[in-house]
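Below, subunit A partners subunit B and then partners subunit C, in two separate complexes.
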Partner chain A sequence: MSLDKTLLSMDELLKLPREKHFITGAQAMSEAVKRSSTDMAIAYPITPQSEVMHLVGDIFAQGHIKEYYRAEEELGTMSAIAGAARGGVRMFTATSGPGLLRGLEAIVSWPGHRIPCVLGVLTRVINAPLSIQPDNLEMAYLMHSGIVMLHAENQQDTFDFTLAAFAITEKVDVYIPVSVSTEGFFVTHAKGYVEMMDEKYAFEECDPYKAPVPAMDNEVPPARIQRDAPVQKSNFMSYLIHSVWQQEIWDSNQRAMKYMYQYIDGPIEVQNPGSDVMLVASGCAAAQAREAHRYAQEEGLSVGFVKVKCIRPWPTDEIREALKTAKTVIVPEHNIVGWLCKEIKGCIPNGGIVLEGPRVYGGMTLPVELIMTEIYNALGMDSLVLQA
Partner chain B sequence: MATATIQNRKRYNMRISGLGGQGVVTTAHILGSCMDNSGKFASLVPFFGSEKRMAPVEAYVRASTEPIYEVGEVVYPDIIMIFHSQVVTHGKSYTMPFYTGLKPDSLVIINTSIDVLEEEDIKVLKKLNAKVVQFDATELALKIAGTELATNMAMMGMLLGLTGLVTEDDIEKAVRERFLGNSFVASGGTASLDSAIEKKFKKKEDLLAKNMEVINKTFELANSIDLTTDELIVDLVV
Partner chain C sequence: MQKKIDVGPVGYMPQSAPMMGVELSPEGKALLYGNVVSEDEAMRDAAKALLTMQNPTIFPGPMVLWDWKDDVADKSAAILELASEIPNCKIIPMPDYRPKYPKIDVKAEINPNHPNLTILDNKIKACVFIGVHCHYANLTLRMIRAGTDCYTVAMCAEMGHEEAMASIRDVHASDVLKFRDILVEVRKELGIEHTATMPPENPSLPKEDWGDLTPADYGEYRSLIMSRKGEHVAEVE
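Up next, the complex of A and B:
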C-alpha cells in the first residue's frame, strides 16, 4: 500500500480511540473499507448503492485500495469477485435490490467455492412496479445461500459491521463471504454520528498463505476446474461431493458465531429482558423499534427490545433466551413477506406468540406509531386513535 | 403565552408543507441547526422527488432533547406548518387532507390572508383538540424585510416563539450559518477582504439583519397569543 499506514489485528484496531463524525451511511461504509486494507474493489452502479461504490472509487484514487474497476454488469462483477478472491486478494463490492438478484447466481456459488469477500447490500425494492425505495425483501434471497449476513441499524453499525466483516470472512474456520446490509436512503443517504479510529490505522493485509484454501494462479488454473466437474454426473460421487460441500458451508456459517461476540458485541442486543411484550427487529426497523421501546418505557409499559445484528448464522439460542418469558412478540419489518418474523417463529417453542407485523413495504416509512398501536393492542389497552 | 401542551415537550415531530421556492427545505435545515446550536437533537428527512417552483414541497423535522433513533417521513406529526393557503385550498400537499395523521393536542401554523379551513376541517381539528395559528407571514415578510422571500423566517419564528424550543441566539447563529456560511466571521478580519467579497458580505449581512428582524417580530406576536382559550383558530394581525 502506497500510504504509510499502521497495520493492526482487528482486535487491536477496534480498541483504538475514536473520534465522532457526522456522515452518511454510504460514507460510513466506505470509511470502513478505507481501514480494511482491501486489495481490490469492483463496482457496478445501482441506486442507492452507487454512492458507496463512488466513494470507494474515491478512496482508490487516494491510494487506500490497490485496484478498482467498473464491471460490465452485476453477474460479471460477482464472478470477477470470485476469481480475484481465489487469486488470494481481499475483495469488496456492494449492490442493491435488482442488482443483487442479477448477481445472485454468482453470489450463491461463493460460499461453496470458499470465496472470502465483503458484500455491501444497500436495500432497494426488487419487485414491480419499479422503485428505488428501501424495502429489504432482497435479503430473504440471501438467507439460504450460506453467506454470513449482518444487518446494520444505522450509520455507526454500517461502519462497525463492515470493518468486522473483513476479519470474519478470512477466518480459517469460516472462509465464506460476509454481507453487510442496511436500508437504502434511510441510512445510506442520511447523516448520523459515527465514531471512527484515525484513518492512518488499518486492518492487517490479506495473507493468502494463512488461507485454508490455497490461492490459485488464475493464468494456469488447476486442471480439475478446467473440465466438467464430477458433480455434473448422476452418480454417488456427485451426491457425496455436493453434500459434503453443503455441510461444510453451513458449518462454516455456524462457526462465524463466535466472531460476532469477538467483533460486534454479540449477535443480538437485548433491552429489558423478561418484559411481557418484546419488540424484535433488525436493520433500520430496529431504529424504529428502539424509539417505540423508549416511548413505552416513558409510559411505564412492560416492553423489551431485541435487535438482531446477525441474520446468518441465526442466533437461535440467544433469541430463545431473550424471548423465553415473553407473552407477545412484535416484529416490525420493511418487507411484505416478514422474513425475520418467520425466523423468530420457527426458532422458539411457542411461535404462536409472534405477531405478523407491523410491516411496511415498497420502501415506505415505518412509523413508530404503528409499533405503539401493536404494543397497546397486545397489552389490552385502548390504542392511540390515529385517523386515516 | 402558549399552553404547556405545546411548550416544553421532549419531542416535536413536524411536517412542513408549502410550494417550491418558499424555503420549506431551508426552514428544515435552519431548524436542525438551531437545535444543534442549543445542544439538543434534530433530524431532517431528505425529500426525494422533482422539486420545482410552485410544485408541492414537504419537509420533515424531528426535534428533541434526547438522541433521535427513528428515520423516515413524519407520518403522525404534532406540529404542521402550512406555508401557503394553496396547500389547503388546492390540495397542494403530498399529504391530503393537510392534517392527515395529526396527533391530538397539536399545533398547526398557517400562512394565509384568508380563512382557509372548511367546516369539515374545523370539525376534525376540534375533535383532535388542535390549535390553529393563522397569520399572514408573507405580508409580515414584505413589511419588515421588504421581500416575500423572508416568509419562511416568519413561519420559523412563529414556531420557535410558540414552542420555546431554542433561544433567539441559537436562531441567529443558525441563520448566520445558512446565509453567511462558516467561512464568514463578522470580525476585524472581514476588513481585509477585497471589495467584491466585502460588497457581497455586506449584502448578506443586511439579509441576515432583515431576517432576524422578521424573527424577532414573530417572537413578539407569539408571546401575545393566549393558547389557553377554547378557540380552535387564533387569528393574528400582522
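Up next, the complex of A and C:
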C-alpha cells in the first residue's frame, strides 16, 4: 500500500464510526475497493460497469491500489484475474451482462482453481436486440458456477457487500470468488445515502500463504498445480478426483454462510414474519418490495417482507423458517425467467404457494403498484378499485 | 455419541461431510466423528485408533516437509517424536499434489489425487495427515472415507476438516507434542509396552547423495535452475 493507511481486520473495520455521503452505486463500489487494500484490478469496459472501473482507475492513480490495467476483452480479463490471484495478490474486477457471459468460461473455472477475488456484476440485458438497460438475467448463469453471490439492494449494500466480499473470499475454508451484483443504472448511476468509514482505514493486506492451496511460486515445489489436470485421463481415479473436487467447491460455498452472519448481518432480512402474504425479493427489486410492504403496513394488511442478500450459498433453512406460515409468496424480479422464484419454490415444502411474478425486464422499472396488485389479488381484494 | 462421520468405506459416491451438516469446530474445540468436542476428547480417540489399528501411518504434507518458515522445523521434529511413540508407525510423505503417472510408488508416497491406492496397498487402518494444504486434505480425506476402512486424523494448521474422524485445528508444534503426551497416556492405559523408537528408513526411497547432483536430477524443474547462456549466477536466494 503506497498510502499511509491504518490496516485493520474486517471486524475492526466494520466497527469504525461512519460518515454519511450522497453518492452513486458505482462510487459506493469503488469506495469499498479503496478501503480493501486491493493489490490489482483488471477490467474491460462495458456499460454500465464502466463507471465503476473508471472510478477504480481514479483510485489507482491516487495510490489506493498498486496495479491496474485495461485488458483486451473479458475472457482475457477473467483469465488474468485467475493468474494474478494464484500468484498471491488481492484482485478486483467488474463487468456487466454480455461482458460477464464473454468471461464466463474463465469465471466458472475460478472456484475449482481456488481463486480468491471479488467480482462486481452491474447487471445489464444480455439478449438481442442490443440493450444496455438493467435486467439481472445474467445472474442465473452464475448460480451454478460455484462462486459466492451477494445481491445488493442499494448504494449502501453495494458498499457494505463489496467490502465484506474481500474478507469472505480469502477465508481459508471458503477461498472461492465472491460476486457482488447490483442493478445497472438503477443503483450504479443513481445516488443514495451511504455511510462509510474514513478512507485512511483499510482492510489488512492479503496473506497468500494462509490459503488452502499453495500460492504459485515457481521456485518452490509444487510449482505445477492445476495444469497437471488429473481429470484429463480417462480412468476411474480421474473421475473420482474430479467428483470430490466439485464437492469441495460447493462445500466451500456452503462454508461461506457463517460469514454472512459475521459480515452482512445474515443472508436474509425479515420483516413481519408470520404474515399471510410474504414478499421475497433480492437486489433492486427488494427496494420496491420494501416500499410495497410499507404501503401494506399503512393499509393494515397481513404482509411480510424477506430480502435475500445472499444468493449463493442459498439460505435454505432461513427461507423455510421465514415462509413457514405464509399462505402466498410474491417474488418481484428484474428478469424474465424468475430465477429467484424458482429457488424459493424449490426450497420450501409447499412450493405451490409461490406466485410467478411480478417480473419486469429489458430495462423496465418495477412500479410498487405492480406488487400491490399481486398483494390485493392474493388477499382476495378488488385491486383495481383499491388502487384507484 | 452419534457418529455423523465414520470409518468407511462409505461407498461409490458419498455425500460430502459439509453437505451432511457437519460444520468446522470453533476455535479451541475439535471434531470427532463430525461432532464438536473438546480437543482432549478428540485426541484420546485418535490416539486409541493409532495404537490399536493396523499399520498406523503419519502422512506429512509439503508444509512440514520443506523448511519454508520459522515454525516448521519445530513442528516437523514434534511429528517425529509423535511417530516414535506409536508402535510400528510408518511415515509416508505427501511431497506435492501432482498426480503421479504412469504409476505411483505406494510404498514411497501418498498423493491427494488417488490417496486410496497408498492406503489400500499398505493396509493402513489408521493415519494422521499433517502439513497438507486444506483443499488437498479435504479431497484426500473424502476419498479415503469413500473407498477404504481407514480411521483418519487431521492435524490442521487452520480450521480443521469435516471429513476426518478426528480433526484438530490451529495445530502448532506444541499441539503435536500435546497429542504425543495424550497418546503415551492412552498407551499406558491400554497396557501397551513400547520403547520410543524413530521410524525406520523408508526402503523405497532412493538413497540421498547430493555430492554428485547434476541439473538432470532436477527433472522438470531443471529449467528453473539452469542459467541462460552467458549468464553467471553467483548466488541464489
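Keep in mind that, in the parts below, the second predicted complex is superposed on the first by the 373 of 388 C-alpha atoms of A that agree within 3 Å, B and C clash if a C-alpha of one lies under 4 Å from a C-alpha of the other, contacts with A are read in each partner's own complex, and residues count from 1 in each chain.
FYI, a contact is a pair of C-beta atoms (placed from the backbone, for glycine too) under 8 Å apart; a residue touches a chain by one contact, two chains touch by 3 or more.
All figures in this text were calculated on a predicted structure; none of them were measured in a lab.
Peer 1: According to the stated criteria, A:Ala190 is in contact with first (subunit B), second (subunit C), both, or neither; which is it?
Peer 2: So A:Ala190 only meets subunit B here.
Peer 1: Considering only touches as defined above, state whether A:Val368 meets subunit B (first), subunit C (second), both or neither.
Peer 2: A:Val368 contacts subunit B only, not subunit C.
Peer 1: Applying the touch criterion given at the start, work out whether A:Pro214 contacts subunit B, subunit C, both or neither, answering first, second, both or neither.
Peer 2: second
Peer 1: When both complexes are superposed, which of subunit B and subunit C contacts more residues belonging to subunit A?
Peer 2: C
Peer 1: Look at A:Glu291 in the shared chain and tell me whether it touches subunit B only, subunit C only, both, or neither; answer first, second, both or neither.
Peer 2: After superposition on chain A, A:Glu291 lies in contact with subunit B alone.
Peer 1: Check the residue A:Arg255 against both partner chains and state whether it touches subunit B (first), subunit C (second), both, or neither.
Peer 2: Only subunit C; A:Arg255 stays clear of subunit B.
Peer 1: Quick check on the complex: what are the subunit A residues that touch subunit C?
Peer 2: Residues 114, 172-173, 175, 209-214, 218-225, 228, 230, 233, 237, 240-241, 243-245, 247-248, 250-251, 254-255, 258.
Peer 1: Going by the contact rule at the top, pick out the subunit B residues touching subunit A in the complex.
Peer 2: Checking each residue of subunit B against subunit A gives 43, 45-46, 48, 66, 68-73, 75-76, 100-102, 104, 124, 128.
Peer 1: If we count contacts the way the header does, which residues on subunit A are in touch with subunit B in the complex?
Peer 2: Touching subunit B: residues 154, 185-187, 189-190, 284, 287-288, 290-291, 294, 364-369, 385-388 of subunit A.
Peer 1: Within their complex, state which residues of subunit C touch subunit A.
Peer 2: For subunit C paired with subunit A, touching residues are 13, 16-19, 23-24, 62, 66, 68-69, 95-99, 101, 112-114, 117, 133-136, 138-139, 142-143, 146-147, 158-159, 162, 220-221, 224, 237.
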